[in-house]
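Structures are listed in the sections that come next.
Two complexes are shown next, each including chain A; its partner changes from chain B in the first to chain C in the second.
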Partner chain A sequence: MSTPLKASISVPRSKDLEVNGVKYNRSSSRRNNFEMYAWLFMRLSGVVLLVLVFVHLWVNLVSPEGGVEAVDFAFVAGKWASPFWQVFDMLLLWLAMLHGTNGLRVIIDDYAERDRTRFWLKVFLFTTSAFVILLGTLVIFTFEPCPAGADPALLASFCAAG
Partner chain B sequence: MSTAHTPDRPEDGRDDDPQDRAPEHGHAPGHDQDDRAGYKTDADAGSVDERDEADAPAVDPAAENAEGGEPAARVELPEEQQGEQEIPTFDLTLQIRRYNPEVSDEVHWDEFKLTMYGTDRVLDALHKVKWEIDGSLSFRRSCAHGVCGSDAMRINGQNRLACKVLLKDLDLSKPVTVEPIKGLPCEKDLIVDMEPFFQSYREIMPFLVAGGNEPTMERYQSQEDRARFDDTTKCILCAACTSSCPVFWTDGQYFGPAAIVNAHRFIFDSRDDAGDLRLEILNDKEGVWRCRTTFNCTEACPRGIQVTKAIAEVKNAILSRSM
Partner chain C sequence: MAKTSKGTLYRGQAHGQWSWVAHRITGVAIFFFLLVHVLDTALVRVSPEAYNAVMATYKNPVMGLGEAGLVAAIVYHAFNGLRIIMVDFWSSGTKYQKQMLWGVLILWVVVMVPFLIRHLSNIFGG
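What follows is the complex of A and B.
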């Protein structure tokens, strides 16, 4: 075939932001230290999580008499009666949630191509994470295994003893 | 490269030359420099060295032919293997991803059955197709010897220079596939638009920015200081690394390994004064922190540059500057 007089591909200029859906220049340049701190946080929280997660697994699943079977309402109530485990579990909750949320944020940036998709995925991610973090923290610190004045039929058996 | 050999350099004042204080000074001219330049670390060099070692000790050809008067060949070839016709040939199937927007927006694959020689590279196979079968095949190449960085392409799914991949090293029982590098807009066949790649390269200011008093001669640098960034001086801007990076594939906004490698080359250059500025540029939302440490870039680099390591060094430099 003969070569067309005018090539159908447009030649992009270095200043064009977008040509035929291809981004030729960085659409925004955000230079603050947020990405640096996020990167650092992943590594530091990762190291701390390594300890917290394995202590958590050991204490809950291996060390109690009866192993996995032993975990029940009373076991959790017993742990959260101690301020140490309250702080420990809150730290684990916050670090794992923030670490996991930031990890997913990064994955969204890596895999979602359109800015709008990214935006809505992140809105969903941050809302659910905030919900879990707040609810979890609330539960850890307001947990009351035997609320006064509740229907005795709904209470755990050990409440009657106390 | 080596300041020690500048012919018109006055002999006086040499005491102040920082190179003279380098411990290696006084070796054979150019020798240290060559080691430093890293040619030994080049992927090919290792195998050449091994072959030398493997062949040499078997017989001492010099001793055997001492009376003959003729210099012995280093490798004894059987008589029938000499001469061009005798180079072993083999058949292979080459599949090439074709795209020509002037004809059709559709991409298709063309298959070619070729008979090639044992010494041929993928580039030779592409030449054979273009010169003898289908002249419309388009690809870039210039030096054909791994220097210019024109012919990075995806060969069997891996980013390679077509001029550095020997056909005999590929699995020829299956078709050999050749595609353009990913993540950059394809213009025709194996040719991609390198503009976004070079845009990132320009942004990191790939030139020496040196302040202070202008020296009358060259800007001295000790061999230790030169060695600090030696690895990243070897880049030929082929884009094999950047176009192998999954983060770059997403939307092409990430600066990419090649831009970071070339920033590294100046950030760690003792003569350069704009390192902070470059670190600032790469502390971008699309800068070094987008690196997910997948090592695709290091695996792809035809110059054997430790790309992921260079990125990590730039990350550390930004961190220690900010803390």
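What follows is the complex of A and C.
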């Protein structure tokens, strides 16, 4: 996967596309640039993810007093009260999910040899990913930092002020 | 394999082979963690109690060691990913890809040592 060069795969496939004696198995029937854009996306998203992931780990795991022990509902409320962290976390969610999903798509193509197996594995992968991206995005933007009727001891200090 | 075939850039040569295997394994592991992580975070929409209860499980030492392993995987994947990108886009990338692998491993140690000191003392230091 790591290279746009043609892989020579010896297993014959039902939908082999043959051009001048070379078998192109990656995008079976369509001849378009999808794989090239996917390859480029892995690299561009990778560079951005490097920054986002390291900041994410620093802010939530390393820098809080006591590390992950400091993370609770009030901590999350404090972060998502700011649009900056909402957008930051959304970008991290989307890029990591798309990057990871495309990575797994390629891995399925590499190891699952039967067309039907590949097809169903990908249906499962894409359904799962779409669900997780949607759920995660909804959670970030419908979050209620000071839910009515909750135990005030569990909420961020700014909830008491209102 | 290394002796019988020149292979492609990433596969075939011994170090290229295992750095690629490690990149693949860490990528899959991080992805599966991410799925679980979005689900546990979604509990903030259920109630403060529900979210705090699941976070409490992350605070036990076994999970703490799991987090250390996860960070180790992410840091490797991130630096080796940069190396792959440099091999692909930098004109001398292929020439120095082996040296860059050493760079990846050294950076990994440089990041992991202070991280582990901080993280393990948070977990076990009470």
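Quick notes on this structure:
In this text, the second predicted complex is superposed on the first by the 118 of 162 C-alpha atoms of A that agree within 3 Å, B and C clash if a C-alpha of one lies under 4 Å from a C-alpha of the other, contacts with A are read in each partner's own complex, and residues count from 1 in each chain.
Simple rule for what comes next: contacts are C-beta pairs under 8 Å (C-beta built on N, C-alpha and C of every residue); 3 or more make two chains touch, one makes a residue touch a chain.
The structure presented is a predicted model; accordingly, all values stated were derived computationally and were not measured.
With both structures placed on the common chain, the touch criterion links A:M36 to chain B but leaves chain C unconnected. Counting residues of chain A touched by each partner, chain B versus chain C, the larger count belongs to C.
Of the two partner chains placed by the overlay, only chain B lies in contact with A:D109; chain C stays clear of it.
Shared-chain residue A:E18: touches no atom of chain B or chain C. In the superposed model, A:F54 lies in contact with chain C only, and not with chain B.
In the three-chain superposition model, chain A touches both chain B and chain C at residues 3. Residue ranges of chain C in contact with chain A, taken from their complex: 8-10, 20, 23-24, 27-28, 30-31, 34-35, 38-39, 41-42, 44-45, 47-49, 51-52, 55, 58-59, 64, 67, 71, 74, 78, 81-82, 84-85, 88-89, 115, 118-119, 122-123.
Contact residues of chain B toward chain A in the complex are 101-103, 185, 187, 193, 195-196, 199, 203, 246-247, 250-253, 280-281, 283-287, 289-290, 292, 315, 318-319, 322. Remark: chain A residues 2-3, 5, 43, 46-47, 49-50, 53-54, 57, 61-62, 66-69, 71-74, 76, 93, 96-97, 100-101, 103-104, 107, 128, 132, 135-136, 138-139, 142-144, 147, 150-151, 154-155 touch chain C in the complex.
In the complex of the two chains, the chain A residues touching chain B come out as 1, 3-4, 7-9, 12, 14, 19-20, 22-31, 33-36, 38-40, 106, 109-113.
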